[in-house]
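Presented sequentially are two complexes of chain A, the first with chain B as partner and the second with chain C.
Entry: the complex of A and B
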């Protein structure tokens, strides 16, 4: 029975996603990075002594998001590449794709499995950070009640929003890694390229600023084109807006979420296209 | 020779992927642009000019969105270590690096400018042979040069914290203490005092500088306007001190008893009469 004779199936896709999720949480890497991130967030209080500039609560929040972003990026890239190539190297991909299974089901199943794992990572890290902030804020309210005349200062809803947006950013990153893996031959190449693309996506706005108005029209054109090819990851950097002015704007949060979801769809689709042209 | 179209397949795939990404970037720009504009407006640290000093200093991890605060704090500790060695270029570079990484905390800007304006002229004098050997004109030049750097640095800070009274006060302090320019300092203290979050002493120093400049009438008018606005329950407002200065000016200016300022709210007695002789 060929693939063309069976319709696209969400149940097959969810089976692959569930299996990918189970495989991922059994990995030592996931548990190791999760422990590191959770340990770092929990130890934020001990790093208070190093804090000179911002308020203590802001420092804990910055520190927590730092751990989330750093370890979350490492986890996304490494897990996505590892789970994809384990199927290729163990030849299970051959067995799977010999059956009436769409390559889109395989790729998006892998994606959803990884996305769920990253979701668990984000939920645990943000949950711990919020608990820590709540606890410390309560202590400070007892010590300096005059500073909390209008109640708690931390906008916990904003923390959740920023956490969700970070999760979506990791989703875009996972889709990019799957796209790279779809034509790459080795796990190592995929991981290294994934990290480079992460840095490019974070700093592409600087290139747009620096080279957007250069005299050489050819260089300007190349930079503009590259500015369109790579997604702008600084867009997800809303943690700085927590506790500032009106906080995180719901409209901006929705725009950023829409941007991420659209990119996940497009890059995922391109990964499927590229994977269909690959000989396993 | 037969043309093998399969050989071109990887190139075709690559081209389609690149084109797809480009098309997605173009199509999503209308969604990205307003959000990006709003995020950037709230985060001046994302401007290229502010990051130029930080790039290439091994702080990329900090700039990728996480750990900005802790990276800046660690660099601040390093700044203090360099400062202890009286290393002028090293300290100056390190101060600028810290605020390039994290321009949000005022602490870095204020203390960095103090190092530049108050410590560095002394280091330069020491290096040039010490206080006894260096002529006054050279000392003055060192003061002026370092003050100029500190003021530029604080003006840069104002781009990140527009209208922040503590930064304006710091510029005023440099004009007053290092450049001995009472005229400019008075203007800046006045500017800072107009901000709702300004410390009360800004207005008092402005009035004192007007007195030093011999503009007693102006100082008197300013203090008369200021006094009714001062809260009595804030220790920093010091309405009695202000009233005392108003009375001093009335004495100096010879204002008749009947035309003297009458405070609206009760204050502690000012310039009390001498106690009766025992």
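Entry: the complex of A and C
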């Protein structure tokens, strides 16, 4: 029997994403982590006496990015797992998937909703950090004008670029957590595994460095596969380049962004494949 | 669509679940055959673990059959296209608590492709039809169980499906709410909808269903029309004014002379739920039992 097909719909995708975003911002966890991150960034100016010899502005920048990376990672893992399992455990997924909706729309809708939440988090944290830096830099320009003979030292555009790259990195992490959640039975397993994967992704450059030194071909192959399977999160750490030489290279930034988008696409596709076979 | 196509056609359906890592299987549904004709109210009955919910989930494409063929209006149930004509009210429904009733129905309507000028009218129409107009702007988190069932029915109907699947629609709902739900089901049948319903409350099923199937341990035990299954064709009941003993004896004699037997003389009893409903009224409910539930029809031509 021939029936009119139901095409993949970006309208339905955005509906799921919008609802996921709404659910997230109404959760205490999001607001709690956001307040913590904002509080930590804002408190950086009170710790400027403890800048351990590095320049004060650099310290505020490092402190802000530290808060962004730490709380952003925690928020990404916890929120992605929570928003996925709330649909499964509360059985709202039953009602939703009993509608003419593709499972791919559901999975990518969830991803985009979480990605938007993390985007808001990153924008607020980076925005606050930039405001603090601008304010303090202005004060220092009055105190030590000789240090700022050529104008402001901080490349604020680079801060935005690094913030966007961190957002993309959290997107890759959200896609990984979604992949784990697509076959996992519990929220706890998903969160714990998500944190393990986060650590592996931050340390996987060691595997890449090691494969040239491994004699055993089998171990070498395993190391090589690990190096490709897990994305290298160290690539996203361009904050150190801010204010040094030419700053953050646009070419490098674009390459890293492309790297993130490719991983999001592949891992998201695997999550859809896994979720298609899941019995709800 | 050919008129001969069943609303639901299940042929040789078997569903196994792996229950251990070593591959031990649990058979939830075993070689089930069912045909639900369009326009029927069909009851799927059975104890817990009999395979009712599994069967419903396979019809809705939420589970894949291990073996067998399941079709909804001729379309394989595992295809997204099959769900275009299906509305589903899950057992003990839980919805997004942070949305109002109207926002919730609107969300599901848009997921189903209802848009433009139709959207608002259709949302208002179904909310009114289930009798929740007065509470439509309250958050779903504040709703009672009966109200959750009714908003659940509204979301199931909002895209005007031809088949409505109701999983335990009266579970945990008070008798007034149950009666309202039954009345809504009758209205749906009156509009020509096909309704598949599971329930443990057999008296209510009996009142609204045209046909029933009883499952046990995944197997079909009995299937047929309610009249065929519970009607006693070799008996008749005559309800008369109270008779004096002498007249009763005379009646026995008259029947005996014609080869018949008076088997029982009983006083007819109203059912307890009927007594309850006659004593408890909810005048505040626009679609309440006493007010005649859902007096306004859901137009069948309101396609998304």
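Keep this in mind: the second predicted complex is superposed on the first by the 273 of 280 C-alpha atoms of A that agree within 3 Å, B and C clash if a C-alpha of one lies under 4 Å from a C-alpha of the other, contacts with A are read in each partner's own complex, and residues count from 1 in each chain.
The rule is short, and it goes like this: a contact is a pair of C-beta atoms (placed from the backbone, for glycine too) under 8 Å apart; a residue touches a chain by one contact, two chains touch by 3 or more.
Source: prediction; values computed, not measured.
Within the superposed three-chain model, A:19 lies in touch with chain C and out of touch with chain B [touch as defined at top]. In the superposition on chain A, no contact is made by A:41 with either chain B or chain C. In the superposition on chain A, A:263 makes contact with chain B only, not with chain C. After overlaying the two complexes on the shared chain, residue contacts for A:197 are found with neither chain B nor chain C.
Once the two complexes are overlaid on the shared chain, A:95 sits against chain C while remaining clear of chain B. By the document's definition of touching, of the two partners only chain C reaches A:5; chain B does not.
For chain A, the partner that touches more of its residues is B, with chain B and chain C as the two candidates. Shared contact residues on chain A (touching chain B in one structure, chain C in the other): none found. Chain B meets chain A in the complex at residues 9-10, 12-14, 16-18, 20-22, 24-29, 31-32, 34-36, 38-39, 42-43, 45-48, 51, 55, 60-61, 63-70, 72-74, 76-77, 102, 104-108.
Looking at the complex, you find that chain A touches chain B at residues 47, 50-54, 58-59, 62-63, 65-70, 73, 179, 183, 198-199, 202-203, 205-206, 209-210, 225, 227-241, 244-245, 249, 252, 255-256, 258-259, 262-263, 266-267, 269-270, 273-274, 277.
The touching residues of chain A, counted against chain C in their complex, run 1, 3-6, 9, 11-12, 15-16, 19, 22-23, 26, 90-92, 94-102, 279-280. Those residues of chain C that touch chain A in the shared complex are 5, 17, 57, 60-64, 74-75, 79-81, 83-84, 86, 88, 90, 93-96, 98, 107-108, 110-113, 115, 152, 155, 159, 165.
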